[in-house]
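One structure, pasted below without further comment.
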Amino acid sequence: MTKPCAVATPSLLARVPGVAIVLAILFVVLGLTSPSFATPANVANILVQSTILLLLALPMTLIIMTEGLDLSMGAVLTFASIALAITVLATGSVSLALLAALVVGSGFGLLNGWLVAALDIPPFIATLGTLGIAQGLSLVATDGQSVVGIPRSIQVVYSGSMLGIPIPIVIGAVAFALLCLLLYRTRFGTYVFALGGNREALRLAGVPVRRMLIAVYALGGAMAGFAALLMTGRMSAAHPTAGLGLEFDAIAAVAVGGTSFERGDGWLIGTLLGVVTVGVLRNGLNLLALPSSVQVACIGALVIFALFVDGLRSRA
Amino acid sequence: MKQNMTMLAAVALTLVASPCRADGETIAVFTKNQTNPYFQAVRVGSEASAKNLNAKVIQYIPTKPDSIPEQLSQVEDVVVKKPDAIVFVPVDYKALVPAVEKINAAGIPVTNITDRIAGGQLVAYVGADDYNIGLESARHLLKAIGGKGNVLILEGVKGTLTNTDRVRGFNDALKEFPNVKLLASQPGNYQRLQALQVMENLMQSFREIDGVLAANDPMAVGALEALDGANRKAAVIGINGSKEAVELIKSGKLLASGDFNGFIQGCLGVEIALRNLRKQPTPKEVILKPMVISKANFQAYETPVEQRQCPKLAELATN
Amino acid sequence: MSTAAHGMPARLTPSRDTLQALYRLLAAGLLCVVLSFLSDAFLTPGNIINVLRQTALLFMMASGLTLVILTAGLDLSIGANIGLSACLAASVIKATGSPWLGVATGIGCGTLVGLLNGALVTTLRIPSFIATYGMMWMLTGITYYYMGGETIHGFPASFRQFGSGYFLGVPIPVYMMLLFLLIGSAFAQRTIWGQEIYAIGANPVAAQLSGVPVARRLVLVYVVSGAMAGLASLIILARINSAQGDIGEELTLPAIAAVLIGGTSLFGGSGSLSGTLIGALILTLVLNGMNLLQINAAWQPLITGTIVLLAVWIDARARRASE
């Protein structure tokens, strides 16, 4: 398989080190201070744990490239997982359940896109509103209780392996490859770049800007729906507050990875590294058994530090 | 000479094999968040118990309060480190079952406290009975207002086990007093400011409020503040037995508070975990008796948590 | 578009702002009318005072934030800032018995945080979203560490007047709200510094070229945002009479929502403090209504989300109608 992301312009290559530097530093420091860190079991752990966040952060990169934001992703993920759980309990069919989750996710994605593109509502507010709606629906549908009794067939998606590789890692890799293809090798991808930096030019060129924008948000929703499968598999349950707040982690991962909020540049490898960096940090802090308050402070420091390093590089 | 050697050897063996100084075990304690004083009490209790018994405790708290995925990740990370035992408060009693199963699969013994987990193999469960605490506290208030009048319920966070059980306890107590009218049941989300504002709003709708059943102490205090602000009075009960609540009970502003004591649970959780590791007998379950702290008995609760002593297991075991 | 002094592009013409403000006021008025029909308790003096007081608190938090958003920035650390400031102020009051030292601590802490945010954004050139997001985590960690899961409670009555006192039957926070509305609006609309802030949001490059000291103004807005957060933390402290590590957690999003509902654009350059006031009012009315109507807890986020969307949609339509 060709590596779409290797087709990078010189400026992209020059930015690889930013988040990679931070990740490398973290790896070395943690590897030295905690004996259990650099073991294959632990690294596999980190990668598996990071998959859900990756599935959210990848489409978030595209959304941020269009100068937008999707604050509702966590809530949509949660509601999709509830839809999935309810469907699998009612019908016993995993594929129907996955379909339900995808429909819910895409539905919200379309709603977000429509609010932003057709009604001109700023993405922050639009997705804040849909966050409330999705969260409310989750609470109403479950009356605040977890939905349990998820069959093995779904649990296995998170805990099983394919040819020795944990399934979540496989899913993550495939998603990454697909998004790279989409962004760097299709016309849609070029439009996404332009939606951020040069929307007027697109409009003048007759490209259906509105539909493109809606599609970008719909993609985000759909991937959140897919991620619901992993999350439900992980917990063997669906809980109305489980995924809340993940969107901020996704946004942070995207920013740490080097995608700028202003310029419409997109950097999927950066996002991938950003997601892994966050995962490595959290895992390392757990292994070091640092007090939770210190962990909280470290996460903030990491985010700022990563951007600081990135800033230094781009000005060097 | 030979006899002396044998005796020496015997003594030496006894000393080496003696279990009374088994120490240095590491217990990983999981709690839900950093901000609720209840869990702080659990942690203090766990450390006190470990100190008494010569063991070490490591605390795991999600950075995002009550975050299910984070606690799941923490369990996965901890299983790699392999502590000797785990004392576990699940963020959600259903969603964390796979985590407990993972711990079981890794061969680490688990003692469950506070929220009873819905699956997995446990060494023991130590808990208070939220339902009965709610029931007893509500009964206390309803008796205090003479069995008649108007009452409000301030609920906690929807979906949490403690809230569901406590509110159920409140409602069942209300059924025993048919002359008491329940005016409204609204969520304060266990938060003081929110409860204050909700109470303010409710006070506008209802001219006569005789009692407030709050599912935790911060909300009870919030309700008191709202009442004070409007120069109104009502009997208020909370649940937690927090320091602030005890002071307010002493001064007569708060009627009572249900004792939902994290300190004891932390103590017992660690003690049971260690006894299990040291092959000593342990009970399968310890359910603390529901206690309502009121003007009559608050003195016992005045000592701050840090200075309390862990109770003896034998005093509290119910089976 | 006319140009003002300094050859800078002027901010939006008054008539468009006024039109949007009117639409928003209409929305708030509509809410009031609907609620007064649905609930007898709504129009009572007691309830009106409650709504005003709760709005005042929200406005205080959102006012400094408005300036930040006017520059096309964002301050996500407001809630965490409130938490830390409140906890520090609480300790100081307890330790020294002096409310005024506590006030100084609270505002001082808030201002310092604002200064740090400003430095991150201007000197280290970190996008405000990320800088304040990272700051939020750090402040939260520090607060948790400092409080260690404990609460501080019981403050002197003189201090509590701040949040729960009345003057001529009106809660004190309401006077503060009016005061800051006047000062803030005068600053934003009538001083050079204010105009520069609008200019930075509308077109940072042009502003820079026209000689606006962009970095200094940016630091200013973050400092103001932080200081207002510190002030708000004192009011909350006075109101609930205690401090706990997580006080500020739920407050950031409502503050931002209030600003945005009030018509200030995230893209910068357009908006007003009076808009934020109305935004705060609308949000407070929604919560008040839900309590009075005893709406089930599960439905509340749903309703809030929908109303937020509705308010912004109306605003967006007004915006497009005037274009």
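Here the chain labels run A, B and C in written order, and each chain numbers its own residues starting at 1.
Just so we're on the same page, contacts are C-beta pairs under 8 Å (C-beta built on N, C-alpha and C of every residue); 3 or more make two chains touch, one makes a residue touch a chain.
Just so you know, these numbers come straight off a predicted model, no measurement behind them.
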Please identify the chain with the largest separation between its CA centroid and the CA centroid of chain C.
B
Looking only at C-beta pairs in contact, point me to the busier pair out of A-C and B-C.
A-C
Whole-Å distance, C-alpha centre of chain B to that of chain C, is 36
If you average the Cα atoms of chain A and of chain C to get two centres, how far apart are those centres in Å?
30
In chain A, the residues touching two or more other chains are 139, 143-144, 291-293, 295-296, 299
Give the residues of chain C that touch two or more other chains, as numbers and ranges in rising order.
141, 144, 297-298, 300
Two or more other chains in contact with one residue: find those residues in chain B.
34, 63, 158
Would you pull the chain B residues touching chain A in the complex into a rising list?
34, 58-64, 66-70, 72-74, 76-78, 80-81, 92-98, 118, 158-160, 164
Quick check: in the complex, which residue numbers of chain A touch chain B?
36, 39, 41-42, 45, 49, 52, 139, 142-146, 148, 155, 159, 231, 234-237, 239-243, 245-246, 282-283, 286-287, 289, 291-293, 295-296, 299
Show me the residue ranges of chain C that touch chain A in the complex, using the header's touch definition.
120, 124-127, 129-131, 133-145, 253, 256-257, 260-261, 265-267, 297-306, 308-309, 312-313, 316, 319-320
Applying the document's contact rule, which stretches of chain C touch chain B when the two form their complex?
39-42, 44, 46-47, 50, 54, 141, 144, 147-151, 153-154, 164, 236, 239-242, 244-247, 249-250, 287-288, 291-292, 294, 297-298, 300
Over in the complex, which chain A residues touch chain C? Could you list them?
115, 119-122, 124-126, 128-133, 135-137, 139-140, 143-144, 248, 251-252, 255-256, 260-262, 291-304, 307-308, 311, 315
